[in-house]
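Each of the next two complexes has chain A plus one more chain, namely chain B in the first and chain C in the second.
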Partner chain A sequence: MRRLILIALPYLWLLALFLVPFLIVIKISLSDVALARPPYMPQLDLSAGLAGIKAFFSELDFENFFFLTTDELYWRAYLSSLKIALVSTLFTLAIGFPIAYGMASAPREWRPTLMMLVILPFWTSFLIRVYSWMGILSNTGLLNNFLMWTGIINEPLQIMNTEIAVYIGIVYTYLPFMILPVYSTLEKLDDSLLEAAEDLGCTRTSAFWRVTVPLSKPGIIAGCFLVFIPALGEFVIPSLLGGSQTLMIGKVLWEEFFNNRDWPVASAVAVVLLAILIIPIILFQRNEQKQREAEQ
Partner chain B sequence: MPQTVFAPWEDPGEKPLIQFRNVTKKFGDFTAIANIDLDIYGQEFFALLGPSGCGKTTLMRMLAGFEKPTSGQILLGGEDIVDTPPNKRPVNMMFQSYALFPHLSVWDNIAFGLRREGADKATIETRVADMIRLTRLDKFARRKPHQLSGGQRQRVALARSLAKAPKLLLLDEPLGALDRKLREETQFELMDIQEKTGTTFVIVTHDQEEAMTVASRVAVMDEGQLVQVATPDRIYETPNSVYVADFIGDVNIIEGAASQTGDKVLVSWAEGASPLVATTQALLQKDQKCFLAIRPEKITISAEEPEVANKVQGEILDIGYLGNISTYHVKLPTGHVIKASATNTRRIGRRAFTWEDKVWLSWTDTAAIVLER
Partner chain C sequence: MRRMSGFNLVSLTFGLAFLYLPMVILVFYSFNASKLVTVWAGFSTKWYGELFRNEAFLDAALVTLKVAVISSTLATVLGTMAAFVLIRLGRFLGRTVFSGMIYAPLVMPDVITGLSLLLLFIGLGVDRGVFTIVLAHTTFCMCYVSVVVSSRLSSFDTSLEEAALDLGCTPWQAFRLVTLPIIAPAVISGWLLAFTLSLDDLVISSFAAGPSSTTLPMKIFSAVRLGVSPEINALSTIMIGIVAFGVVIFSIMSKRATVRQQQEERDAFHG
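Take a look at the complex of A and B:
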C-alpha cells in the first residue's frame, strides 16, 4: 500500500500539473474563437446531459491547425526559433565547456566558490538581468560608449533589436545550464585515466579528445538539451532584445494570446511547439537513463 | 646440469637497464626522494617496498614520466630520460585504480596504445589477440570494464600495459584491490607472465609477502631513502637494520651492549641475566649499543631446560593460533616479551603448552642477527 502511494504521488503530480492543463490547451486549440469570456467556444454544458456532450464534441475541429499551415508566418517562426535555439546551444557549449573544464581542473578548495559564481546570477530576477543587457547593448549603451571612447568605431553599432542581441541574451541566460552538467561529469573524471592515455602514447591534446571528451559526453548532451529546449520556446529575451525584426515562436504565441486574443490559434501554436519538443525531450530522457545505468 | 642463477646484479660486467643517479625529488619543502642511487637490470622483477608515504610511488612515477626529479639523472638503457614525456618512453604502467577507459571495450582498451603508435590493422589484431590469450580474457573481449569483476579488470589492465611490449613495465600496487585468495593466485600468474614475456617489471607494494613472493630483488624504502636492496632471502635472513628486520615478517628485537671476541658477540641485555651469544661479520666496539634480531620460528620452546647457547625462562602470556602454526608470547622476568612460533604438529587439544605455563625458550648462536642500528 505504501509503495503504491509512493508510486502514485509523482503520477498524480504529473496528472494535475501537466496532463490536465495540457488537455485543456488541446481542447482550446480545437475550439473556435468567440467574442465571449472565455474567448472561445464551444463550452461544455453538462446540464444538457449526454446530448450536450455530443454537441460539444461535434463542434471541435482541426481548423486552427490548418490555419497554421496557410500563413507562412508560423512555419517561418518555427524554423527561425529552431535556428536561434540551435545556434545559441552551440555557442553556449563553446563557451560553457572551457569554463566547466577550468572549474574541474581548479584546486579542490576553489571549486565551491567557482560553482557559487556560476549560480550567483540566479539571485537576481531574470527580467532585470535581461533589461540590464538593454543598457549594455543599446546604441547609447555601455558597450557602444566604450567602443567609441577607445576610438575603434565612430558610429554606434546596431546590436540592440537584432538577432545578435537575442543570441547574446540566450547564451548569457542559459550558460549555467550548460556549465553545471558538463562540470559534474568532468569533475568525476579520474585523473589517472588521462595519465594512462599519456602512458599509452597520447599527447595531452589527443588524450583530451580521446578520453576527456567522450567521457564528458553525457554532460554535454544533458547541457545541450537543457539549453535547447527552453531556448526554442523563449519569449522574454526575443521580445525585449530582439525587437520587431526577430521572429520566434514564443513571441508569436504571446501575440496571438494577448494582442489578438485568439486563444484557439495560440493554443494550436503551443501544441505544435510541444510536438516539436517531444523528440529532443525523449532523447534527453534516454541520455539520462543511459548515464544512470553506466554509473551503477 | 647446474642451473644458472639469475643474478645480474652480482656481475660487474652487466649493464643495468635503469640507473638512478643522485635522484632527489622535492614537493615544496617536503623531500619525497632523498638522493637515491639505484640500478635495476633487464628482466628483473624488482619490488619497491615500504609504508605509505615512503616515496616508492614517487620513484615509480618518475620512471613513468609523470614526475620530474628535482635533481639527478634517470638513465634507461644508458640514455637520460628525465626530459622525455610519458608518451615517448618505452615504459608502460599498470595503475593502482587500473584506469581502464570506461567508454571502450576490453578489446579497444588493449588496442589503445597500439593504435596511438599507428600500427597497422593486422598487427594490432594479432597483438591484441595474443594479449587476450596471455591474460585469459577470451570470453570478455567485447565487454565494457564496468561489466567485469575486479580480477578480470586487473587482467585487462595488465594486458593493456603489456600490449606495446614495453622495455619496462611499472605496476603500482597491482593486486591491492583483490581479495587474499585471488591475490595469491595472481602473484604466481604475474611471475609466469613476466617470465614468458621477458619484460622487466618494477612493482610498488606495501605488502611484504607480495614483494617476497614475486620479486627477484626487493628495495625496502623509508622516508625517501633506500634502506636495503637485496634478494628476498637476504632481506629476511640478513636485514641490515632494525627497520628492515621489523618491516619484513615477525621479529624479536633485544637491545644490549656488545663485547666481541672473534666472530662471537656477547650481548648483555638485562641486569642479572646471562649474556646472549651471536655471530657476526661486523666489528663492534666494547660496550657498543647493538640489537639482536631473532625470528620467532628460530626459537625453540620447551618445558625442560635445553642444552643450547641461548636460553631464557619465562611464562606464556598469550597464544596466537593461526591453524598451521601457533605463536607464543612469553614474558621474561626482565619484562621483555619474546615471540616464539611452533608448528602445530599435533591437534590443538593435545597442545603441550597453555597459558601461564613456565617454559624455556632457546636458540642457537647463529640464529640471531646482530644489528648496529
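Take a look at the complex of A and C:
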C-alpha cells in the first residue's frame, strides 16, 4: 500500500503535468487554426460518442508540418539555430578546455575554491548574466567606448543585435557546463601515463594530443551536449542580444504563439524542434551510460 | 601536467575574468549617478532608492519568492519520492516511462515545456496565476531534485536501514531516523537548486502566468528589452549579492558538516 502511494504520487504528477500536456501539443499540431476560443479546430466532442471521436480523428492532418516546409522562415530558423548552437558549442569548448586544464593542474588545495568560482555564476540569474552583456556590447557600450578611446576603431562596431552577440551570450552563460565535465575527467587522469609517454619519447605537445585529449573525451562529449542541447532551443539570449535579424527557433515559437496567436503552427514548430533534439539527447545518454559502465 | 605552467595560469586568469567581469561591471554601474549607463557621473545610490519605491517590482519580487518557496518545497518532496522509486523499488509496471518522465524535462527546451503546460491549462479551463506557475515550476524542479537525491541514494549503504528494521523500527521510523539524516545534504542541495531554478525561470513562467500575475524575471525581461536601465542594474546587484552570500555560507556549512562526519566516523572506528 505504502509502496503504491510512493509510486503513484510522483508518477501521476508527471503524467498529468508533463506527458499529457505534451500529447496535447502533438494533437494541436495536427489541428487547424480557427477563429474561436480556443483558436484551433477540431474540438473533441465526447457527447457524440464514438462517432464524435471518429470525426475528431478524421479532421487531424499534417497540414501544419507541410506549411513549415513551404515557408522559408521556418527552415531557415531551424538551420540558423543548428548553426548557432554548433558554432557556439565549439567556441565554448575552445575556451572552456584551457580553463578546465588550468584548474586540473592547479595545486590541490586551490581546486575546491576554483570549482566554486566556476559554479557560482551558475547560481546567479541567467537573465541577469545575459543582460550584463547588453551594456558592454551596445554601440555606445563599454567595449566600443574602450576601443574608440584607444584609437583602434573610429566608428562603433555593430556587435549588439547580431549573431556575434548571440555567440558571446551562449559561450558566456553555458561555459560552466563545459568546464565542469571536462575538469572532472582531467582531474582523474593518471599522471604516470603522461610520464610514461614522455619516457617513451613523446614531446609534451604530442603527449597532450595522444594521451590527455583521448582520455578526456567522455568529459568533452558530455560538455558539448550540455551546451548544444539547451542552446538549440534558446529563447532569452537571441531575443535580448540577437535583435530582430537573428533567427532562432525558440524565438520563432514564442512569437508564433504570443504575437501571431497561431497555436497549431507553434505546436508543429515545437514537435519538429523536439524531433531534432532527440538525436543529440540519445547520443548524450549513451555517452553517459558508457562512462558509468567504465567507472564500475 | 600537474605543474602549474605559465599558460595554465594565464588561461585560468582570463577564464575567471571572463566569467566575472561582466557582473563586476554591472555592479559597478549600479552605483552610477547618470541615467546613461555607460557614462560615469559619480557615485550614487539613488537607483536603489528608486527601486524600492517601485511597487511593481516589489510586488513581482513577492510573487516570485512565494512561488519559489512553495514550488521548491513541493518539488523536494515529490523529487525525493521519485528518487526512492527509481533507486529502491526495483521493477514495476511502467518504470521505463517513469524514468523517462524524470529525465526528459531536464533536456526539454523551456519554450516547449511552457507551451505544453499553457495548452493544458487552457484546455482544462484553469484560471492562470500564481497557482499555475507553482504547478509548472514544481514539475520541472522535481526532476532536478530527483536526480540530485538519487545520486546520493545509489551510494547509500542499505544495511543501515536493514539494521534499523531488525532492531524494531517501522519502515517509516527507519526512513525518518536513519535514511533521511544521511541523505539530508542531497535533499537540501536539491531544494536549493529547485529554489534558484524557480527564482530564475522566465520562459515557463511567461507561458504559465495569467495577465494578473507577474514574476520578477518577467518584469526584468520586459524592462531590459528596451535597453539597459540603471534600476535593473541595482536590482541585479542585490540578486547577485544574495546568491553569492548564500552559496558561500552553504559551502562553508557543508564543509564543516563533512569534516564533523569524518571525525565522528574516525572516533567510532577507534573508540
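Simple rule for what comes next: the second predicted complex is superposed on the first by the 278 of 296 C-alpha atoms of A that agree within 3 Å, B and C clash if a C-alpha of one lies under 4 Å from a C-alpha of the other, contacts with A are read in each partner's own complex, and residues count from 1 in each chain.
Everything that follows uses one rule, which is that a contact is a pair of C-beta atoms (placed from the backbone, for glycine too) under 8 Å apart; a residue touches a chain by one contact, two chains touch by 3 or more.
Since this is a predicted model, take the numbers as computed values, not measurements.
Model built by superposing both complexes on chain A: chain B and chain C fit together without a clash. Legend: residue contacts after superposition of the two complexes on their common chain; A:Ala266 is shown touching chain C, with no touch to chain B.
If you count the residues of chain A touched by chain B and by chain C, you find the higher number for C. Seen from the C-alpha centre of chain A, the directions to the centres of chain B and chain C diverge by 80°, a value given as a multiple of 10 for the model superposed on chain A. Contact with chain B, but none with chain C, is seen for A:Asp190 once the two complexes are overlaid on the shared chain.
Of the two partner chains placed by superposition, A:Leu73 touches none, neither chain B nor chain C. Between chain B and chain C in the chain A overlay, the least Cα distance found is 12 Å. In the superposition on chain A, no chain A position is in contact with chain B in one complex as well as with chain C in the other. On the side of chain B, the complex with chain A involves touching residues 64-66, 85-87, 91-93, 95-97, 99, 101-103, 112-113, 116-117, 146, 160-161, 164.
Interface residues of chain A, counted against chain C in their complex, comprise 2-3, 6-7, 9-11, 13-15, 17-22, 24-25, 28, 38, 95-96, 98-99, 101-107, 114, 116-121, 123-129, 131-136, 138, 140-142, 145, 172, 175-176, 179, 189, 191, 194, 212, 229-230, 232-236, 239-240, 250, 253-254, 257, 263, 266-267, 270, 273-274, 277, 281, 284-285. Taken together, the chain C residues at the contact with chain A in this complex read 1-5, 7-9, 11-12, 15-16, 18-20, 22-23, 25-26, 29, 36-38, 78-79, 81-82, 84-85, 89, 92, 94, 97-98, 101-105, 107-112, 115-117, 119-120, 122-123, 135-136, 138-139, 142, 146, 171, 196, 199-200, 202-203, 217, 220-221, 224-225, 227-228, 232-233, 236, 239-240, 243-244, 246-247, 251. Residues of chain A that touch chain B in their complex: 190, 192-193, 195-203, 206, 211, 214-215, 217, 294, 296.
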